[in-house]
Structures are given as C-alpha cells and as structure tokens.
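In what follows, subunit A forms one complex with subunit B and a second complex with subunit C.
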Partner chain A sequence: MEQDSVLDVRDCAVVLDGQTLLSGVSFKVRKGEALAVIGPNGAGKTILFKALLGLVPFRGTIEWGEALRIGYVPQKFPVDKTVPLTVCEFFLLKAKRFWSPDETFLEHLSHELSLVGLSQEILERPVGELSGGQLQRLLIGWAMVDHPEVMLFDEPTAGIDVGFEETVYQLLQRLQKERNTTILLISHELNIVYRYADQVVCLNREMLCRGKPHEVLHPQDLARLFGESGFYKHANEAHQH
Partner chain B sequence: MGLVCPLVGSYLVLRRTVFLGLTLPQIAAAGVSFAFWLQQTGFLPRWEQSEQGIGMVGSLVFTFLGMGLIGYLEQRGKGLAEGRLAAAYALAGGLTILFIVFNPAGQIEVLNLLKGEVIALSQVELRLLAAVFGLVFLGMLIFRREFLLTSFDRDLAFLLKGRQVIWDVLLYLLAGLIIAFGVIMAGPLLIFGFLVLPALAARPLVSRMSKFLLLSSLLGLVMAFMGFYSSVRLDLPLGPTDVTLGCCLIFLAYGLRRISAKASATVMMLLFVVLLIAGCATSMTVTTPVPDAKAVRSDRIWLAKVKNSTGLPLLLPSTNLLRSAGEMFGKVPSDYRQNVMDLLRDGLRQELQQNGYRVTFPEETDARFPPFSAETNSALQLGREGKLSGLVFVSEIWRWEGYPQQFVRVFVDFKLVRLEDGAVLWDRRVQRAIPTSSSTNLGQAYTDAVIAVVHEIFG
Partner chain C sequence: MGIASGAIGSFIILKRMALVGDALSHVALPGIALALFYAIDPFWGVLIFLSAAAVIVWWLEGRTTLPSDALVGLLFTTSLAIGVLTIPDEELIESLFGGFPALSPFAFSVTAGLALASGGITIGLARQFVFRTMTPDLAQVHGVGRWFDLFLFLLFALIVSLGIKLVGTLLMGALTIIPASIAKNFGKSMKGYLALSSLVGGLISVVGLLIAHTFVFLPGPSIILFGVGLFLISLVLPRSARRSMLKLTLLKFR
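Entry: the complex of A and B
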C-alpha cells in the first residue's frame, strides 16, 4: 500500500446467498481525498460500503491504512420509536465513560452538534422522537464526533430538507479542509459529485468507470450506467453551464 | 431473581428478541423433564442430596444446546427469526409434555415446576441460586456499556469496537445461566415473566437508558414481592400470580405515561403506601388459639372427621412405625392404611380434651356420618340432619404436599361452630410450608407436619 493511501481495494466482490451483488471493484483513495460512488438503485453502492466496513463478507482485497478511525453515516438507521435512549446517551456510547461522562466530552459534543445545526437542547430528547432530518444530522454528528480520519457517507442528505443539503456538503468540504478527513460518499446527485468529489467510481453490480468526475463522466458512460432515462442529463448539462 | 432477570431482559427487549426470553425457558423446562425421565428409566443415577440436581443438569444442557442451535440458525440467516423461535418454543413445549407423559412417577414434581409452584428452597439451593445470580448481576454491571452498544445497533457497535461476537456470547451466556438455574428453581413461566415484563413496564416510563435499567430491576423486585405476598395470602401458584401482576404493571405504566411525571410519582407513592399498610395489617393480624370449654360455656364437642378436599388419598407409607405396631397388637386391621386425616384428628382430639372438652365423634351416633365441610352452612346442615347439638369442630384439608427432608406444604381450614344458632366461635386457616428437614421419609414428614399444625392452632 502506498504511503499516502488510506484505502486500497483490489478486485472486490460480494456474493450473498449465492447471488453476486458486486464484482470487479478496484480503486485507491489517498489521504484527504473525496471519492464519490454513483450508480442506479440496486447497483451495490451500500453493499460496497458495508464490505469496506467489514459488515458483510467479501472476496478480493480491501486494505485500510494503519490505525485509522472510521466514521460511517448509514443511509437508513431504523430507530425504535420507544427506545429509552437520549441523544446524549447515544453520543456517550463513543465516550470513554458512558455512565459518568466528563465535562470535556460534553463541551466537545455541543460544538460538534452546532456544526450539524443541532442545538444543545436536543441532548435530553429520546432518539426515537427525532424527525427524519434531525436523525440524519444526529448520525452525521455521531460519525464525526471523535474526529475520524475517514468518513463514509451513504446518501447523507436523504430525508433532509433542501436547505440543509447545501449545509451538509459544505460541512463535508470543511471536514476535508480543516481536518484533512478522507471522504467516501454515495450520492445520486451528479452536480454534487462534480462539485465536491476528487474521484468517482461508477457502479452497476460491477465497476463501470473510475477516475476524476470531469474525465470519466461522459454522457455515454452515464447512459450505460443509468440507462436512457435522461435522469443524468440535467446534472451533466448543469455542470456544463 | 426479581432483581437480576429484568436486567438481562432489558437487553432482550432492546434487541427486539423478547420471544427468545420465552423460548429459552421452555427449552430449559424440556431439559428438566427429559432429565427426570432419564432418571426414571434408570439411565441416570438418583442423587440423594438433591432431587433437583439432575433436573438442573438437564436444564443447563438443554439451554445451552438450544442457544447454540438458535445461534447457528441465526448465523445461516435462513427464514424468519420469529418463525425459528416459535418453532423452537412449540417443539420444546411438546417435548416437555411428552417426557412428563413418559414419566408418570415424576409428573407431580415436574408439573408443579411448570406451573411455577415455588414453595421453598433448601439452603444449598438458595446458596447456589445466590451465587449464580450474583455472578450474573456482577457481569451485567461490569459490561453494561458493551451490552448496551451491541444491543442498540450491531453495525454501530462493530464500527466502534470491531467484531462484537464476544459480547453477544457473554450476554447470552449470562442469560443462559439465569434461565437454566431459574427454571429448575421457579419454572419457565416465572423466569419468562421476570425477564421480560418488568422491562416492558419500565419502557414507557423513562427515556434514559440508565433509568430504564434501574426501573426494570426495581419493578422486578416489586413484582417479586407483590407476587409472593399475593401467592401466599390467596394460595395461588407463584408463577401465574407473578406474571399476572407483571402484566398489570405494564398496563399501569402505560396509564401513568398519559399523566404528568409528578402525578405518576404520586400514584406510585400511594401504591407503595397502600401496599405497606396492607403488609403491616397482615403481619399484625392476631391469631387466637382454640378457646377452652369454659370460654365457650360448653364442654360437649363433636369432632367431625377431617375432610380431605385435595383429591389425593394422603395415605401414610406402610413403613409407618405406629401403624406397624398397631397391626402387631391387633389394634389396626391389616387392610387399613393410616392417613393424614386420621393423624390430624387424633392430634385434635388430644388437644381438645386437654382444653376441657368432652370429645365425641359424630360417627359414634351414626356410622354413616361423612366428614364435615369447613363451609359453615353445610356443616350446620349436616349437624342438624344428624340431630347433633352443642359444638362441632370441623377441619378441611385443601392442600397437603410433602417433600421428605424439605417441607410439607399445608392449607387447612378449622372451625368451631355452635349448632344451635350457627355461630362461628372460632376459625383459623393454616397455610404455609412446614419445614420437615429432620424427617427421613414421607410418613415422618406428614407426622411432623400434623404435630406442627395442631401446635399452631392450640398455641
């Protein structure tokens, strides 16, 4: 593995219950880079992330840099509405002391919450009572609270109002710049990919393209990836304008 | 049990695997009945020290085998998780009954166990229970954060701490221990009740995890004490009583959630005070001994045959020395088998005579006289039909269950009724487990219990 690499994926494949969900995926990510994974629904993007995190068995090689802390924002986080866990306790799962937290952690927590647009008052609220948008912000906050070197975002703006979408992507940029965080991102929004990603990987059960967005995302590639739905054209044209 | 089981059950509730809390105790119960059956067939030796020892082994083996099998099927991930647990529950329930049917000699013990008829535990069993539950309690305290993390979300737990199999295994090991030991001591129903019901009752009342775990344990204790108290006072089997109370706690909790926190606290305090007063009132109840002849101004008393309402013959084993001696001297016919009712009546007669009464048996007037019921009106009717007058002393046994070297559980009603006006001059209910640890056989245990009962009512 190269010195500035944080992740090296070689010929990764995921087969579950005899069904090949993903095959032939290879890419490298360098420190501080932002990599976007795009593809239609069911292309295996979330499965790829789960394989990277070791949550599902895979074939091939996935090699992470030494002693990396990884933050993960899942696409869906099913929370039982009646679960007796406050937001504060949810964050304390990451603290050194869960049952008697220290003040420093709580102060740090308030700061991180403000970055994702959540106030301190939310700390005493049960996790199950949060709205979809609040929960998504909470998950982003939870993933970044211990300043991980790498963060994986699986459609981080799903369920978030349009106004906050921009805030999320600005936050990603800020994390990249200020904390030199490496970002892996799944997104359907090509304009976001063009604006924020250094690298893009196109998936549709297999890897169809890889490289810098401006270099690899040609209309014919996108047509191959998403079909002739025209869904991608708007984003691509928007970029050209 | 009331303190520790809800702690483990809280995590089952968090993991949404409540049905596991029902299935595992049932599997343990199947292990108990299987072990007793093997013992009956002679495959396993009899343990003189503890009859429950063999059941405990069966319970432990079946619990951990069952957990292993469920875990293996879970890993393979085929089919519906609830479906697997339901099938395992049905199979375990069926096997429990089949093994009981195969083993008629041990039916009463196993059925009592399944009903949750906890009567008393020996000192060894109590120490063992305290050691196992103490160990589990410590484990739950030390690793509570890890258990919480893996129970709340496995993927997040994996990201934080890496592969979490060790915490899953440890949690299920601790759960298996309390289930296996709890089932042999208290039955599957009670263990399931303690595992799940307090946690379900605590859940709507709190929003913090720390309070949830604390309140679950506290409600478990409340359920244990109230259930035990009600069971003893009302002579109900402990398991069903506790489970019913646990369900009432859940309804109460959802009711309290609708009102403010202050009002909830007030209701809880009132409930506590009412229970306290009820408990004190019970403990202060004065139990008077049978009045003497002078006190009731009558020395003629009819001592009715003791009515046996247990449905069991309550015969004394033929090794009874008194009976053997009676047979030798020709005082007892060889086809006669002494029973608890006769023993009790003999004891009552002696004590009544010492209290200044002239004791007569109703059957001396008419040999067809049946035993009198403790129900006053039927006793009066019988007395009047037999043209008796004066006082009649009636006794009715509702329960008489003996466990040699341990205890005899008794539930007997006594009544002294004036036949002229139907006035009840004295009545008493004796309902408790009488320790008979020095008795070597059932006959001796029954005799000791009769002596204790007679001593109790005459003071």
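Entry: the complex of A and C
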C-alpha cells in the first residue's frame, strides 16, 4: 500500500444468497481526498460501503491504512421510539466510560453539536423524540465526534431540508480542510459530486467508471449508468451550469 | 438474584426478545430431568441446557432468512414436553414453580455471589449491550461485535439457572421481564431505565418472598404476582409522578 493511501480496493465483489450484488470494483483513496460513489437505486452503493466496513462478506481485497478511525453515517437509522436513550447517552456509546463520563468529553460534545447546528439542550432529549432532520444532524455529529480520519456518508442529505443540505456539504469541505478527513460519499446529486468530489466511482452492480468527475462523467457514461431518464437530464444540466 | 434478573431483563426487553427469553428459560426442564436422573444439583443440568439454547438462539439470530421465533418456539415446546415426561411428578411442580429450598451457607454464598457478579457484569457492559441493541452495524464498526450478543445470552442463561430454584422455570422468564417492563414505563434515559429495572427486580423478589412467607404461598407466584401488581400501578400512575420517581433514582447514578 502506498504511503499516503488510505484505502485500496481491488476487484471487490459481494455475493449474498447466491445473488451477485457487486463485482469488479477497484479504486484507491488517498489521505484527505473526497471520493463520491454514484449510481442508480439498487446499484450496490450501500452494499459497497457495508463491504468496506466489514459488515457483509466480500471477495477480493479491501485494504485500509493502519490504525484508522472510521466514522459512518448510514442512510437509514431506524429508531425504536420506545427505547429510553437520551442524545447524550447515544454519544456515550462511543465514550470509554458510559456510567461516569469525563467532563472534557461532555464539553467536546457541545462543540461538535454546534457544528451540525444542534444546541446543547438536545443532549437530555430522548433520541426517539427527534425529528428526521434533527436525527440526521445528530448522526453526522455522532460520526465525527471522535475526529475519525475517514468518514463514510451514505446519502447524508436524504430527507432533510434544502437549507441544511448546503450546510452538510460545507461541513464536509471544512472537515477536509481543517481535519484533513478523507471522505467517501454516496450521493444522488451529481452537481454535488462535481463541486465537492476529487474522485468518482460509478456503479451499477459493477464498476462503470472511475476518475476525476469532469474527466469521467461524460453524458454517454451517465446515460449508460442511469438510462435516458429525467435524472440524467437534470444531472447534465447541472454539469453545464 | 432479583437485581441480576432485573439488570439482564432490561436488555432482553430492549431487544424485543421477551418471549424468546421466556422460551429460553423453559429449556431448563430437560436439564432438571437429566440432573435428577444422575442425582446431581439441578443447577448444572439447567446451566448446560440453557447455555446450549443461548448459543442456538444467537446462531439463529444471525441467520435472518430462517424464522427464528418459530424455531425458538419449537425448541421450547419440545423441551417442555421432554421435561414433563421425564421429571417425576413430585418434582415437577417444584421445577415449574420453584420451591425456594433451604440452601447450605456455602451454596447460598455461591448462589448470591454468582448472582451479584453476573448482575455487576451486566451493568458494567451496559455500553456494549446497548450499542449492539440500538444499532448493530455502527456497534460492529466501532469494535463491538456479535460476540457481545452471545455473551448477553450466556449471562441470561446463568442468571436464569440461578433463579430457577427460587421461582421455577415457568416463572423465571417473568422475573426477568417484569422489572424491565415497569422501568420502561418510567424512563426516558437508559441509565435510569437500567438502574430502576435492577432495583425493581430486587424489590419484588424481597417483598414477594415476605408475602409468600406470611401467607404460606409458593414463593414464585407470589413474587410474580406482586411484580405484575406493581406493573399495573406503574401504568396508571400519572406521568408527572413517574418522572419525579425517576429523578430520585437517577440522582443516585449521576
């Protein structure tokens, strides 16, 4: 593995219950880079993330840099509304001491919450009572609280208001600049990919393209990826802006 | 014993496995039969059978394509049938409902010590158990793997094995479920819920035994019925009263 390389994926495939969900995926990510994974629904984007995290069995090689901390913001986070768990306790799941947390950890929490636009008062509220937008902010704050070197975002702006969408992407840039965080991002929004990603991987059960967004995302590639849909047209317009 | 049941039960309830937990406790019957046959302490028979059942339930849980609840149900009814056929009649009632036997000072110390230790480990590993229950994927990413689920089930098996002499196999499942159900009616925080469930487990065991002693009832049903009574009260208590009671509990654990 090269020195500044954070992740090296070689010929990765995922087969579950005899069904090939993903095959022939290879890419490298360097420290501080932002890589976007795009593809239509059911293309295997989330499965790729799960394979990277070791949550599903895979074939091929997935090699992470040594002693990396990874933050993961999942696309879906089903919360059982009846579970008695406060926001503070949710953060404490990542702390060393659950029953008697350090004061410094709690102070640090308030700072990280402010970055995702949540106030300190939310700490005492049960997770099950939060709105969808608050929960998404919480998940992002939760993933970045221990300053991971790599963060995986699975559609971080799905189901949140447009104003916050912009905040999320500014936050991603800030993480990259200030903390040199490596970012892997699944996104449906191609204009975001053009603006923020250094590298893009296009998937549709197999890897269709890989490289810098402006170099590899040609209209014909997108047509092959998404079909001649309105989605593609929208993406194409975004490209021309 | 009650405290340990309350502590472990709070996680069984969180995992929505109340019925699986209940079924698991009935798997003890063939273990009792085998222990009686070989004239050894039933505790060992129960522990072996329950631990095996815990491993099976854990294994099934990881294979979602199988209808695990149906298989657990099958495991339970099979065990019950084998138990009823193989345990002598005079021992059966005690096995099912408990008899609170007179323990030697040594046996008492070992039982109490094990109960205290398993309750303590359950509370000590609360972070990992809650993490696994709330969000298994994120827990896995942060190094809290499936082994913790197995460890939770094995702790459950140990606590149930210890408690079976007290309340019997039919009611031991209930002793783990009732305290957590009461605590859930009060709590909005995990620490409050876990602490309250453990305390209520201890409380209903002691008061239930006093009732059994006073009115010459079987201890198992007395403990369970007192617990169910408290549960009904917790349902009708106004929310404000529940909150202030919870605050009192939380103060001790801040």
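One rule holds for everything that comes next: the second predicted complex is superposed on the first by the 240 of 241 C-alpha atoms of A that agree within 3 Å, B and C clash if a C-alpha of one lies under 4 Å from a C-alpha of the other, contacts with A are read in each partner's own complex, and residues count from 1 in each chain.
In the analysis below, a residue touches a chain if its C-beta (ideal position, glycine included) is under 8 Å from a C-beta of that chain, and two chains touch if they have at least 3 such contacts.
Just so it is clear, the structure is predicted and the values come from calculations on it, not from any experiment.
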Combined model on subunit A: subunit C and subunit B, fit or clash: clash
Contacts for A:E66 in the overlay, against subunit B (first) and subunit C (second): which applies, first, second, both or neither? neither
Can A:P126 be said to touch subunit B (first), subunit C (second), both, or neither? both
Between subunit B (first) and subunit C (second), which does A:E103 come into contact with in this model arrangement: first, second, both, or neither? neither
Using the touch definition from the top, say if A:E2 reaches subunit B (first), subunit C (second), both or neither. neither
Return first, second, both or neither, reflecting whether A:E89 touches subunit B, subunit C, both chains, or no partner chain. both
Subunit A residues where the subunit B and subunit C footprints coincide 53-55, 70, 72, 74, 77, 80, 82-86, 89, 93-94, 98-99, 126
Using the touch rule from the top, collect the residues of subunit C that touch subunit A in their complex. 14, 16, 65, 123, 126-127, 130-131, 133-135, 137-142, 184, 187-193, 253
Across the complex, what residues on subunit A touch subunit B? 53-55, 70-72, 74, 77, 80, 82-86, 89, 93-94, 98-99, 125-126
Footprint of subunit C on subunit A - complex, ascending: 17, 50, 53-55, 70, 72, 74, 77, 80, 82-86, 89-90, 92-95, 98-99, 124, 126
Contact set on subunit B toward subunit A in their complex: 14, 16, 144-145, 148-149, 152-153, 155-156, 158-160, 163, 202-204, 206-212
